[in-house]
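Have a look at the structure that comes next, please.
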Amino acid sequence: MKGDGFATSEIAAFASRASFSGVPAATLESLGEAGVVVVGAPFDWGTSFRPGARFGPKAIREAGYLGFDGYRPHLTTGIDSLSVLNVVDVGDLNLPPGYMDESLERISAAVNTIAAAQKVPIVLGGDHTITFANARAIAEVHGEFALIHFDAHADTGAGTLGGMPHSHGTPMRKLIEEGHVAGRRFVQIGLRGYWPEPETVAWMAEQGMRSYLMTDIVDRGLNTVVDEAVAYATDGVDKAFISVDIDVVDPGLAPGTGTPEPGGLLPREIMDTLRRLGRELNVIGADVVEVSPAYDGPGDVTALLANRLVLEILNGMAERRVREQKL
Amino acid sequence: MKGDGFATSEIAAFASRASFSGVPAATLESLGEAGVVVVGAPFDWGTSFRPGARFGPKAIREAGYLGFDGYRPHLTTGIDSLSVLNVVDVGDLNLPPGYMDESLERISAAVNTIAAAQKVPIVLGGDHTITFANARAIAEVHGEFALIHFDAHADTGAGTLGGMPHSHGTPMRKLIEEGHVAGRRFVQIGLRGYWPEPETVAWMAEQGMRSYLMTDIVDRGLNTVVDEAVAYATDGVDKAFISVDIDVVDPGLAPGTGTPEPGGLLPREIMDTLRRLGRELNVIGADVVEVSPAYDGPGDVTALLANRLVLEILNGMAERRVREQKL
Amino acid sequence: MKGDGFATSEIAAFASRASFSGVPAATLESLGEAGVVVVGAPFDWGTSFRPGARFGPKAIREAGYLGFDGYRPHLTTGIDSLSVLNVVDVGDLNLPPGYMDESLERISAAVNTIAAAQKVPIVLGGDHTITFANARAIAEVHGEFALIHFDAHADTGAGTLGGMPHSHGTPMRKLIEEGHVAGRRFVQIGLRGYWPEPETVAWMAEQGMRSYLMTDIVDRGLNTVVDEAVAYATDGVDKAFISVDIDVVDPGLAPGTGTPEPGGLLPREIMDTLRRLGRELNVIGADVVEVSPAYDGPGDVTALLANRLVLEILNGMAERRVREQKL
Amino acid sequence: MKGDGFATSEIAAFASRASFSGVPAATLESLGEAGVVVVGAPFDWGTSFRPGARFGPKAIREAGYLGFDGYRPHLTTGIDSLSVLNVVDVGDLNLPPGYMDESLERISAAVNTIAAAQKVPIVLGGDHTITFANARAIAEVHGEFALIHFDAHADTGAGTLGGMPHSHGTPMRKLIEEGHVAGRRFVQIGLRGYWPEPETVAWMAEQGMRSYLMTDIVDRGLNTVVDEAVAYATDGVDKAFISVDIDVVDPGLAPGTGTPEPGGLLPREIMDTLRRLGRELNVIGADVVEVSPAYDGPGDVTALLANRLVLEILNGMAERRVREQKL
Amino acid sequence: MKGDGFATSEIAAFASRASFSGVPAATLESLGEAGVVVVGAPFDWGTSFRPGARFGPKAIREAGYLGFDGYRPHLTTGIDSLSVLNVVDVGDLNLPPGYMDESLERISAAVNTIAAAQKVPIVLGGDHTITFANARAIAEVHGEFALIHFDAHADTGAGTLGGMPHSHGTPMRKLIEEGHVAGRRFVQIGLRGYWPEPETVAWMAEQGMRSYLMTDIVDRGLNTVVDEAVAYATDGVDKAFISVDIDVVDPGLAPGTGTPEPGGLLPREIMDTLRRLGRELNVIGADVVEVSPAYDGPGDVTALLANRLVLEILNGMAERRVREQKL
Amino acid sequence: MKGDGFATSEIAAFASRASFSGVPAATLESLGEAGVVVVGAPFDWGTSFRPGARFGPKAIREAGYLGFDGYRPHLTTGIDSLSVLNVVDVGDLNLPPGYMDESLERISAAVNTIAAAQKVPIVLGGDHTITFANARAIAEVHGEFALIHFDAHADTGAGTLGGMPHSHGTPMRKLIEEGHVAGRRFVQIGLRGYWPEPETVAWMAEQGMRSYLMTDIVDRGLNTVVDEAVAYATDGVDKAFISVDIDVVDPGLAPGTGTPEPGGLLPREIMDTLRRLGRELNVIGADVVEVSPAYDGPGDVTALLANRLVLEILNGMAERRVREQKL
């Protein structure tokens, strides 16, 4: 049965009521034969500027015009990733607004459950704080992996507004500081602007993180940069987690986000790159974050783009699967 | 089980995915013990100006912050209408855009099915064209009934743009001309502006229709006017159908509609009136129409108001039911 | 010097940069001769639905067209409340997003500082969670007082989404449960809709809280209801705190809020009522909360209304002061 | 011929392309048998806050859903004012942005031409600065007349931002200071808020101007206030000019304006009042000003309301004309 | 005389009141010496998702800041296409909402009239359903021609929502199935996403249609792809019809459309391509469709882009004409 | 002290209350050791279409999420331009709406004061009319300089709507006609569309102005075009003024502007180009103009981009300064 909604007696009015692209609904307790599990993290109390990403999972799931018997094969590959990968959706987590640690615990627990069951979690954000919880849980199950991070910002702040540890500006640092992911395994693509400050940039280099700025991409070409970044991060490890902050795209093209920074990628650039990575890497998890629908204009183009970015990752993964099956 | 979604393999991307206020999902084929059946008519190809009411059912169902285990008792009465009336939701009908007659047939068939099963249909519009289909089907089952019509417009046009019979400006006339409802049974409350033209106004009077203008309401008081209107329409009949065009409310307060006309009711006025009518009349059906979300601004206040108008009708009906049960 | 901005090295990008109506800037450490102190609480991580009230203080301060040498006398009274009351503004508090308890502590500490200095705090919200912190601090300084609460909702929930104690739906209950304000001292004006559930309504009555619904106001008249409510709450106490949730106004007229509920007051009704209360009561504090600018449309009418509601309270207070000075 | 467009080789892209309600197009050089002449003043360089009223005439003309063979009789009266009064439209004036004196000269010249031809000019603004030009020209032709002014603001400032004489805050003062209209002939209805300052209020009283605040209207009733205001202004003169600033309506209901002030009239209140004045007074001219569409939200409700306010004035005038013809 | 409006007694309120770029108004009955005829098809009852394209012709005509004596030469070529081609505008057709077959008949009749008079029709949509009517009529007059189709979607669905034949997802299939245009003559540029399903893709190939995906364009370059596409479609025929669905552009840059699909062209890419095709091909007709202004944001950038796309086609055609005249 | 606000008793409600990026506030009378002086020109009464650029300086200053202790080093260069250049902000000028000549005088006087003090003025517009005042004042101090102009339009109109001399379409012509800047020193980059007309294009060539169209940029590459343009304009002069009209960017990416023209640059293209020019040229002044926030959508991306464009110019200038200091 496709397109099931979720039993909703426990969740908030901002949570999703429908599954991603009409894939079967599931629960964390009964993941069955699924290969990939979509889960929403309606969380925005880590944002330092514009909130609203709690509506991100709902907006990403509802984006677009294909309805719930959408024709799934990607036009370029002819592969139906949702079937090939046996994707299910467990709906949105029940997260208490304003309670940081409790929320992060619940997210990590859910992602851990999925990963421990040998499925690939795809987390729909929510603000970028959740990547701390996501990658922490992945690390618990999978140990070492490369973290391929697309973003306008490094998200390596030492602390947040008011001096507390977690926010959407700190997840990558906290993952390193708490030992979940080694700095050596981080590559960041698309950075630009005026943040973080030099002390943090220096700290990042010390950790072995590698950052590719938009000016690098313009000068050297996106594919060249991605080649180099991926080679670095995956040197010696097989697994990869992909974290996509929608603000890696230029805000003129994706305005519905919390901390927009001009000068980013085009949609077609990030789309093709993500499908490529899904195909080339052993993806053990991914998140697409920072969609804030209230800032998106009447066309809802940012949520729609995020929906397609999830599909591009899945399509790359499906290409890899199909190729493997043929071998 | 509450809050079920709908199996969606047959319906459009603009259709609803969640039930009204989280009432149980049902199908037309299995209405069970339901007393009231909500059904969506995502139809806007009868509108003469701004389309978008196809998104009305979805917006009305999703409006608000109560989520899907919403506390249902009305604060004023303490009655939980959804339980008292055993309300279910069958989701949105599958209507083909641009095919007028076929669409009206499908709506009438669904409403007939509900009414014939001795349940009360509540139809979420959709533009006002659908009231032709709704009331036609009700008449097939129930025979004579009063039609209490709240609107800025009489909807008694002889024809529509381009010379075709059906549009959102013609349902009341077509119901009379085709013999489904006698003009004598129509009362209209809230009319204003510059439409229809005098020939049609004269025709309406000849049919026995009675119209109460906003200037009447301002001069005489809303309750007085409603008393008189209801007494007229229900003189000699027991049953009533209530049709609420959201544009009866002032467009400053409900901008998300297709043909707004300044100078209307306040939300609290129409809310209290509808609850009153639910309590005083034997309501055999109702519709709430002409919510066009694209014109509603970021606060979505028009869809939210329409959601509450449905609930007010239901609460009035539940008060009546509770009173009857006590007798 | 008027219209000073605030030193901002410690605060967030969503905080205010300008003082309310151009009154002198101050700091909590140097309140001087001020009689009334405006303070912003840019906090929205207690909201159960639409966030964004963190931008409320900024939007309320910047609303309108009068600039910073605004002509201050109220046209009806001819009194310049800002001068009469010696109003200053200490800017926005530095609150960490996502950290509930820490945030509430910081708010309470600031309000306590103001109240302990014998000044009247006017807190610009922020979501309604902050009233827990505000009134708790006021109680620490002033002991018993009446809490006059304008709202569509009772805000007396036992807990919030995810089972944690604080949210914008719980402050009034937590104030009673923790012993800061007696239930007997609460009156609520403007309630409507479908929340809270009957168990909570019963609990409220047991505590001695009194609630006036919009249907009461429509039936009996606003002034009559306010007369009765105030007489009840102030019976035996002299002091009063006024808490105004902007959603007491109909959402058609004030869409920029987190949990809109149709059927509320008109702006002119709440404006006149607040000025009246400022004049009649010994106001020891007030807050105006739940302005969420992202949902307000291009005209920013909700923030503007909130700005004027603050001014109406102040003007009432100034009328009282002028009258006292004449005695 | 109805619904003619205008020859446009001389005018700006922000000017109107279609006539008001589809009345015949005319030119200032050939007004023919017209009784009333609509003219647009696309001018907003006098505004002190939000510009955009240059699009007011276009928005007012294009508002609504009736198209260009709109059914014109008012539902309440059955009278077709556009025919009864022989209304024509001369389109928008060619006004140079940023050139104050030249613009005011061109407006006065056009209004003078219309009035001198014994027709009634109805000027679509444009910001309120234009009323200086409008009333100056009317005075040149008609001498003494009552000026009935609906507004949230007195518009009697001594000067404007930067120390120059004309702005939308000064027209009423300049008319008096330059001797075009005596203060004794001004009545203002709907004032509220915090402007102008006491010195100007005192000056207004000295001139014999009378102002009715919203608090007066709430306390005494709108009809009572209008009775008194009109009796005062028309004592000893027969003619009247009506100037309607759309901001007299509450901004929650009419957000699309330059300097909104909460607490105003409802649409149905101002509509009925204007029709009444059209019927009771000898209207020699009118303007409807300060519609700024960019602040109006997707429903365009403010422009639509202004369109209907023009029609209500015309309908009142037509009622008077029909009554006179019957005598 | 330039910039004439249209006699409007027969048409809808959503129809245009002004001619494209101020070219002379004409009627289908008197096309005179025109070489190119602009006609609007305000039709959106074929859309499967977001309606509103009925306002497309009006928005496209009114877009921009040049007014009606716009300086017409293209900066790159110095050629004034509107004069060179003798362009006129016959306004919007009178189409009955909700009546599919009747609407398509009226569109075909109008296009046939223009083409039969040896003029080039440029049809402003309207949703893409109209291309069935447009190309059918062109085929009646011209016989065989190449159909160069820019779109995110193939529009080759076998049927539409609810099982009826025509929608904006089916025109290209219906043209082939009914024998109006051979599949061999279709080339499609810009396709992407997840529609249509493989069976339809296979059917398309069988018909000889050729589709170029965005991934092809990224890999091979736009000019290379267009070279190949045009060579294929025009092999053996001289005439070409260009159909431009605005959604071929990335929705971040053109959000005002009914079924946006991320990952498309940039405005400058499609602009240069269309001018090129106008110059290189013997264009016998064109349409620009799927502009839905309600989803376009306050800047109206999608309608403006569509306006310029029409002009780019015309400028290319004018370059060709000028070159021919010089030979 | 950082982040100071401005004393505001003299300025309008549309003026800025906070300094650019939190640099120190200053006044024209006490510029001290500043190297670069930011000043706002809240002026839009020269615009021929959509006004609103009076809010440009405020929007540009408030754009973004970095708050007022923003981390200033540019990620690409690691240089903190605001410190290196000692940037201060004198706030917005007090300009009288609707008074063209007086406004231009005040702007020129302020810019002259800054330039005469050997500081570099960066003027935040405001519509493009202000460049006449800016460059006139620069010329008074510096004599000959290159004027590097990024824009969709040449702004060389002979006159404006209504026949008056100054508007945002005329500054470049007036600068030449009045002898302030020689035509030989103008280069324009990014032109496109249908304006100005051929006579003006010919006049421009006669003056020695050089214009690079978007089609040139697409054909030859942006860097090549900029190389050539800069070489031409700076041949024989050392100094340069940079004028950036935000509409040089494609309106899909920067919709918040007065006269958008499709087909422009990407944000990353103009960003990198401006930093390059700051580094390569001896910049003696700059302006960034035509940001009109009301047309910018809820994400405010145009104002944010303009903020970053100012920073890119400053960063380029700072790179040059650092390089010079090392020599």
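Lettered A, B, C, D, E and F in written order, each chain numbered from 1.
We adopt the following convention: a contact is a pair of C-beta atoms (placed from the backbone, for glycine too) under 8 Å apart; a residue touches a chain by one contact, two chains touch by 3 or more.
Note that the structure is a prediction, hence the values are computed from the model and not measured.
> Farthest chain from chain C, going by mean C-alpha coordinates, please.
Looking at centroid distances, E is the chain farthest away.
> Going through B-E, B-D or A-B one by one, find the pair whose contacts repeat those of B-C for over half of the pairs by residue number.
Most of the contact pairs in B-C are shared with B-D.
> Report back the single chain whose CA centre is most distant from the CA centre of chain F.
B
> If I list every residue number at the interface of chain B and chain D, are over half of them used by both copies, so same, or under half, so different?
different
> Calculate how many whole Å lie between the centre of chain C and the centre of chain F, each centre taken as the average of the chain's C-alpha atoms.
43
> Between chain E and chain F, what's the gap in Å when you average each chain's C-alpha atoms?
38
> If you average the Cα atoms of chain D and of chain F to get two centres, how far apart are those centres in Å?
Roughly 39 Å, centre to centre.
> Identify all positions of chain A at which a residue touches two or more other chains, and write them in rising order.
11-13, 48-50, 65-66, 250, 252-253, 266, 294-295, 297-298
> I'd like to see which chains touch which, written out pair by pair.
Touch list across chains, by label: A-B, A-C, A-E, A-F, B-C, B-D, B-E, C-D, C-F, D-E, D-F, E-F.
> Please give the residue numbers of chain A that touch chain C in the complex, ascending.
Against chain C, chain A makes touches at 11-14, 44-52, 54, 94-100, 102-103, 106, 129, 160-164, 166-167, 294-295.
> Considering only the defined contacts, which chain E positions touch chain A in the complex?
Per the touch definition, chain E meets chain A at residues 48-50, 191-198, 201, 213-215, 218, 250-253, 255-264, 266, 294-297.
> Which residues of chain D touch chain E once you look at their complex with the stated criterion?
1-13, 15, 17-18, 22, 62, 64-69, 294, 298
> Please name which positions on chain B make contact with chain C in the complex.
65-66, 70-76, 78, 249-250, 252-254, 266-268, 271-272, 297-299, 301, 304-305, 308, 311
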